[in-house]
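Structure first, commentary second.
The first chain written gets the first letter, and so on, giving A, B, C and D; residue counts start at 1 in each chain.
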Amino acid sequence: MAYYENVGKVAYEGSQSQNPFAFKFYNADEVVMGKKMSEHLKFAMAYWHTLTAEGSDPFGATTAVRPWHSYSGIDLAKARVEAGFEFMDKMGLEYFCFHDIDITPEGSSLKEFFANIDTIVDLIESNMKSSGKKLLWNTANMFTNPRFVHGAASTCNADVYAHAAAQIKKGLEVGKRLGGENYVFWGGREGYMSLLNTDMKLEQDNIARMFHMAVDYAKEIGFDAQFLIEPKPKEPTKHQYDFDAATTISFLQKYDLAKHFKLNLEANHATLAGHTFEHELRVARINGMLGSLDANQGDMLLGWDTDEFPVNVYDATLTLYEVLQNDGLGKGGINFDAKVRRDSFEADDLFLAHIAGMDTYAKGLKVAAKLIEDRAFEKVIEERYSSFSEGIGADVVAGKTTLASLAEYAMNNETPRANKSGRQEHLQSILNQYIYG
Amino acid sequence: MAYYENVGKVAYEGSQSQNPFAFKFYNADEVVMGKKMSEHLKFAMAYWHTLTAEGSDPFGATTAVRPWHSYSGIDLAKARVEAGFEFMDKMGLEYFCFHDIDITPEGSSLKEFFANIDTIVDLIESNMKSSGKKLLWNTANMFTNPRFVHGAASTCNADVYAHAAAQIKKGLEVGKRLGGENYVFWGGREGYMSLLNTDMKLEQDNIARMFHMAVDYAKEIGFDAQFLIEPKPKEPTKHQYDFDAATTISFLQKYDLAKHFKLNLEANHATLAGHTFEHELRVARINGMLGSLDANQGDMLLGWDTDEFPVNVYDATLTLYEVLQNDGLGKGGINFDAKVRRDSFEADDLFLAHIAGMDTYAKGLKVAAKLIEDRAFEKVIEERYSSFSEGIGADVVAGKTTLASLAEYAMNNETPRANKSGRQEHLQSILNQYIYG
Amino acid sequence: MAYYENVGKVAYEGSQSQNPFAFKFYNADEVVMGKKMSEHLKFAMAYWHTLTAEGSDPFGATTAVRPWHSYSGIDLAKARVEAGFEFMDKMGLEYFCFHDIDITPEGSSLKEFFANIDTIVDLIESNMKSSGKKLLWNTANMFTNPRFVHGAASTCNADVYAHAAAQIKKGLEVGKRLGGENYVFWGGREGYMSLLNTDMKLEQDNIARMFHMAVDYAKEIGFDAQFLIEPKPKEPTKHQYDFDAATTISFLQKYDLAKHFKLNLEANHATLAGHTFEHELRVARINGMLGSLDANQGDMLLGWDTDEFPVNVYDATLTLYEVLQNDGLGKGGINFDAKVRRDSFEADDLFLAHIAGMDTYAKGLKVAAKLIEDRAFEKVIEERYSSFSEGIGADVVAGKTTLASLAEYAMNNETPRANKSGRQEHLQSILNQYIYG
Amino acid sequence: MAYYENVGKVAYEGSQSQNPFAFKFYNADEVVMGKKMSEHLKFAMAYWHTLTAEGSDPFGATTAVRPWHSYSGIDLAKARVEAGFEFMDKMGLEYFCFHDIDITPEGSSLKEFFANIDTIVDLIESNMKSSGKKLLWNTANMFTNPRFVHGAASTCNADVYAHAAAQIKKGLEVGKRLGGENYVFWGGREGYMSLLNTDMKLEQDNIARMFHMAVDYAKEIGFDAQFLIEPKPKEPTKHQYDFDAATTISFLQKYDLAKHFKLNLEANHATLAGHTFEHELRVARINGMLGSLDANQGDMLLGWDTDEFPVNVYDATLTLYEVLQNDGLGKGGINFDAKVRRDSFEADDLFLAHIAGMDTYAKGLKVAAKLIEDRAFEKVIEERYSSFSEGIGADVVAGKTTLASLAEYAMNNETPRANKSGRQEHLQSILNQYIYG
């Protein structure tokens, strides 16, 4: 049975196509820098945005028109699985991601919840087998249920902490069963609403304890997924502990967790933290922590997580530039943590939005690859820092200098090297030429 | 004598050119929608950024290397005129804009200042004649001198107010003499630092009085330039009265000045006020107030006026879309109120940066023109609002309805029209296709 | 029957009280500047935050524990009325405000909705009679229902427009019946998500048409409430047309509506628009448009409407300073458009939060009154602008000057008045002394 | 000779004093929690804001009227020393802080610069001896001179790097000679303008190398000051590497520098990074990295470093709450990195502004002390987290649990502890009561 009757398989038709339901730039089998686009771009469907959420916002009820609206309860959960695999198939998405509560109702007890999960995971597993689709990552939602009002691993209520541990344990087991390539932690309530009532140190210590237990349990059950933390600075809480890449790295270093985790970085979370996405990617990359991407974009004039589909080719280019410089994402991929606007409420919009995002990333990939193949920026950077490859600069890098030796050099250096222009505007022109030329 | 020895006339060489000092997209004589690019894009050199400012910032001294550094005093002022005309000639810029203090030292009295102005205006005038370059607009700088610490037209010091009036009077006379097509007011200090010591009503009344006097004087001397106000929400003051387009319009309406003024809108000022540039342009356009543009771009993660050269083709496309929908800018033009980064300190960067900006606007113009020729968005909008072209909707527009008649209609309307998706993501895809396709 | 069993009547116990359920600063009968505190501070309960909303956020389910959770449907609606009047009684709140959908379920048709409204309004009316509580304002919610996904008065669907008209008509009738002192319009969906699909001019024209129809209908039925528009710059839409006070005033001027409307200003909306609340109040005040207040506060580091209870005495002081300078709010009042934090989910928190807000405003009122009685800032301002009360400054204000006469004065003025320090830091010290001294 | 003739010694006169040049709350000898106010509040004069900067901004020239305007060159430098000690004496400031270029002209070579420094340091030293004033910290300005346009320790020019090393070496020697209690690094240009031309990893590696050399040299010369890094997220660069406390900690951890450094935190830098000041203090405190404070405040509606004098008692209270919880600042102190507004240009304003700041911190200290003495918030927090002091919670903290053991507990826990309200609004009321009660 088809849930999405209006749309068939979405195919590549090229940049001049007038067919709304065709790719203009994403050509899965096209080879870029020696690999297929589809290998570079391990796109994943976000279960929650595509199958669960339906367009409510803080001032408005749901608007979405969806083909499963005649179902409820566990039948609804099953219908969503089927619709999801149909969607992935038609869109050519090879991966998906989910939170535990996305796939099934929680029921009235942990036992019931886990039983529901098992039922749906059975169905997911059989769909995976028949379709070849893969699990990029799963995670436990520990922020929606009222029990997590004060946090999960950072809660002030030890019983809630135990509940969170049970959910994570189940999540790891599900991940292992479905062959998940990664496992994600996003601490939506791991932060504070007010410092006046918060023991920040105990909360962070407890989060670290939970992470160590998760690492141990994954090892115990032989689940070798890459663990990922997804930073976000705020929303829903006033302040989340995993504020950004650097903050999360400092936490992982402090608690001796850095070797077990990488980062799942999201574009909109980056900008909410005051950074460009490429900044966050660069910080992760030079620290060996770049794990996976949540692809979306924010609105720079809005102060909340708008989770828009990525449609900006500049951003996509600079994103994939970092990914290519990182030799790809390893086990990671590119999850569309993006939702259709509330006023794009028809099922067709789900396709149109994913096409928009996939085309944007495809275009960005090709531009980034060309920039790297031509060493367009690398040549400039190599030349720019060349004074550290010889003489006193090489001594600095080799650790052979002291303040005294450098001071002596400086005092006696009658013709210091002149600075040269950083040429930012010209580099931006070159970027435009690569994108539009 | 050549001030810019490294660079000759900048020519169009097409999108594949490797010549840094060539246009890749801006082709002055290319015809777009029936007019030459150069007619659509009346680019102007901003005297202050190109010839006067030299790269200082609040934490750093000037860095610029400029070919007039051997001159000082009035000789420096003259050298800048010559260098400016050489620059315009080589860049193919037909227009320029200046503040009074950009072109000459203030000296120690108004008399000396005005005499200096006359000397330099003589030189400018003769260069205009020989080169054919034109004055897009001039203005009086009433924010740099310490005398304006509390404002100019909004000052608490009546003698300063009189001084400002004298500068405006001179500015109008200079504008008339040089055939200025517009005259601009930017109230950099017309606002407040603290409400605790501010009489906001008196200050705004006094600004309106000054504007009326300026209107009268221009009429008296037969200066028929378009008067323009340039909104900016803040910086240098905490709050400027001309916060944005709508605020400025409300001021002009209140004081019966709307028929004498239009708006000179700047991209970076728009975003500092929390708006996209296209929003500000739209607001001005539908109110008949779109006068002229200050072309630049801000950094959305920085909270001050960075005045970067515009290099984003999305923004340029949406900007020129509004301009084309407005049937152009009339007497207005496109002033590069943009400065090279402090670390782009070589004279060559001035060329490279203008090339970046002009190419970006050229590309944006072509995309915008194609969108309009194809009615790509118009068709969608026409269909979207079609219910207001017939039946009850047409009655609303025609003013024939009342709450009661509409309520009766609604109560008895058993099958109201369903809403349709706004299709935002698809429209963004179409925009990408027009830009990259 | 008591819904709030833990709490009795909240009384004033003074600043040293250890009783959480007592006022420390708000003393209803205390006379300030010749009027009782309760007359200055016409506090209103916001029906939606106190009785309807229950703590959900975009990432979490409701958390609130409320005494009416055993009810549903129309019985729940009735229970909320009773609980609301008990709450107002215990808190000493004399006013309340509501949207139509706060008080009753919408049902499946306009007819059913209006019938439900009538049922609940009967109950409200009888409670008003017995308690003496008054309606500060009511309004129609035209943003939550999916039908308003594209706006209400700015919708692209004429049938939705008619529906909105019906709701407003009913709202005006309810307001008249309950003796509402004001009637509010907040255009939560009157704006746009994307300019790409928006006809801004038609939308604004249609809003103006709706307002004129509302004015006419109120006149027709003899409802003499003050009409109020509540500006907000964004959220839920990307951009709302009533961005801020100045923008709303420009709209009202353009469409000849200014004489029928004033502004209902909200603190959190002010800061989202980039203004202090006192700025918005000042703008409204000097334009004769200060109507009523939505009292709350935002978090300056969060980019969405947090609607926190006002607990900052600086803000309250400067707010009430403007109100006192305006000779009060006329028909307007002070509506607590504020919600308890999601993690303050107990019913007791509703009391504690209102106590926090009322105490803050009470303290602010007393400080503001003292500042005005002492003319602490007025003396400074009078002196500061004194040059406009005599000589050339008085001529400016009287309209007797021209650019030429002022220029002549300036050219010949050999000893212009020196500027004096604005003394901002000292004025801030004085403010601190008044608050803490 | 007196530079500040209008003002004598500023004395404490109590909260009712009408004398602008008296303290209303700061009473140096008053004992709070067993120590004198002056011991808690090791206030320092910032040389640059008080003696060097004169009110320019990006749009305006200097406005300050200062008593040393008749001097120039090294005589001006000497006059400033004398004026500075007079100012500290009159204000009752026991400490001061400076950058190398604040105290003397740079001259035309490093040799000349260092000779000038020696001359002025002689004078400073003799003034310190006679007055008893102390050096809180000094630092090298490596951001103003054009040579540092691309950074100092992060420059791409090895000769500039050597120059920076020479300045740091001299700074450490000066610090040792003057008995400086701390030595500060603020990396105003240690960041980037564009990632397109930046080798972030090399730059950060080089910064770490410089820090290690500085640590070594201080040890070599026996200078035992506390080293401090001052985070700032941006301005003047687009992105600074020491973005905030957590980022800086991650850097220090990575490069094995954490044991040698603490943080010098600034209020305005905190808010520019998206944090409250108390957040930054808390992060530093729980990581043992709280070193010293730069006291000021930003304007939350302005996106640049406004460096205003701190006048908000809420902020001061929460700041000193963290300081008291930290058992003070050790060698650190409270430097007024604050400048009078450009329109507060008279010398008297320097006094009035410092009075405003010192009174604010004094009031905040007393409130914070009372909160701690009463354990007003601590009691709440202790109770709130009590479930981690017993049973399963204590097991978690003791590291005795696993995911499996916690899951088993959760599955079998039929009556989990209910969450309790976080009571944020009530805690805010309590804070108000402590401040105003």
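We adopt the following convention: a contact is a pair of C-beta atoms (placed from the backbone, for glycine too) under 8 Å apart; a residue touches a chain by one contact, two chains touch by 3 or more.
If you're wondering where the values come from, they're calculated on a predicted model, not measured in any experiment.
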| item | value |
| --- | --- |
| Neighbouring chains shared between chain C and chain D, ordered by label | A, B |
| Chain pair with more C-beta contacts, A-D versus B-D | A-D |
| Geometric centre distance via CA averages, chain D-chain A, whole Å | 36 |
| Chain B-chain D separation of Cα centroids, rounded to whole Å | 40 |
| Multi-chain contact sites of chain D, meaning residues that touch two or more partners | 146, 149-150, 193-194, 234, 274-276, 301, 341, 343, 345, 419, 422-424, 428, 431 |
| Chain B residues within the chain C interface of the complex | 110-111, 146-147, 149-150, 156-163, 165-166, 168-170, 172, 193-202, 204-206, 209, 213-214, 216-217, 233-234, 239, 243-244, 246-247, 249-251, 253-254, 273-276, 278-279, 282-283, 286-287, 318, 377, 380-381, 384-385, 387-388, 391-393, 396-397, 399, 401-404, 406-407, 409-411, 413, 416-417, 419, 422-424, 427-428, 431 |
| List of chain C residues in touch with chain A within their complex | 55, 57-63, 143-146, 148-150, 188-189, 193-194, 234-236, 238, 272, 299, 301-305, 341-343, 345 |
| Residues of chain D defined as touching chain C within the complex | 15-16, 20, 24-25, 271, 274-276, 300-301, 309, 311-314, 340-341, 343-346, 348-349, 352-353, 355-356, 359-360, 363, 419-426, 428-429, 431-433, 435-437 |
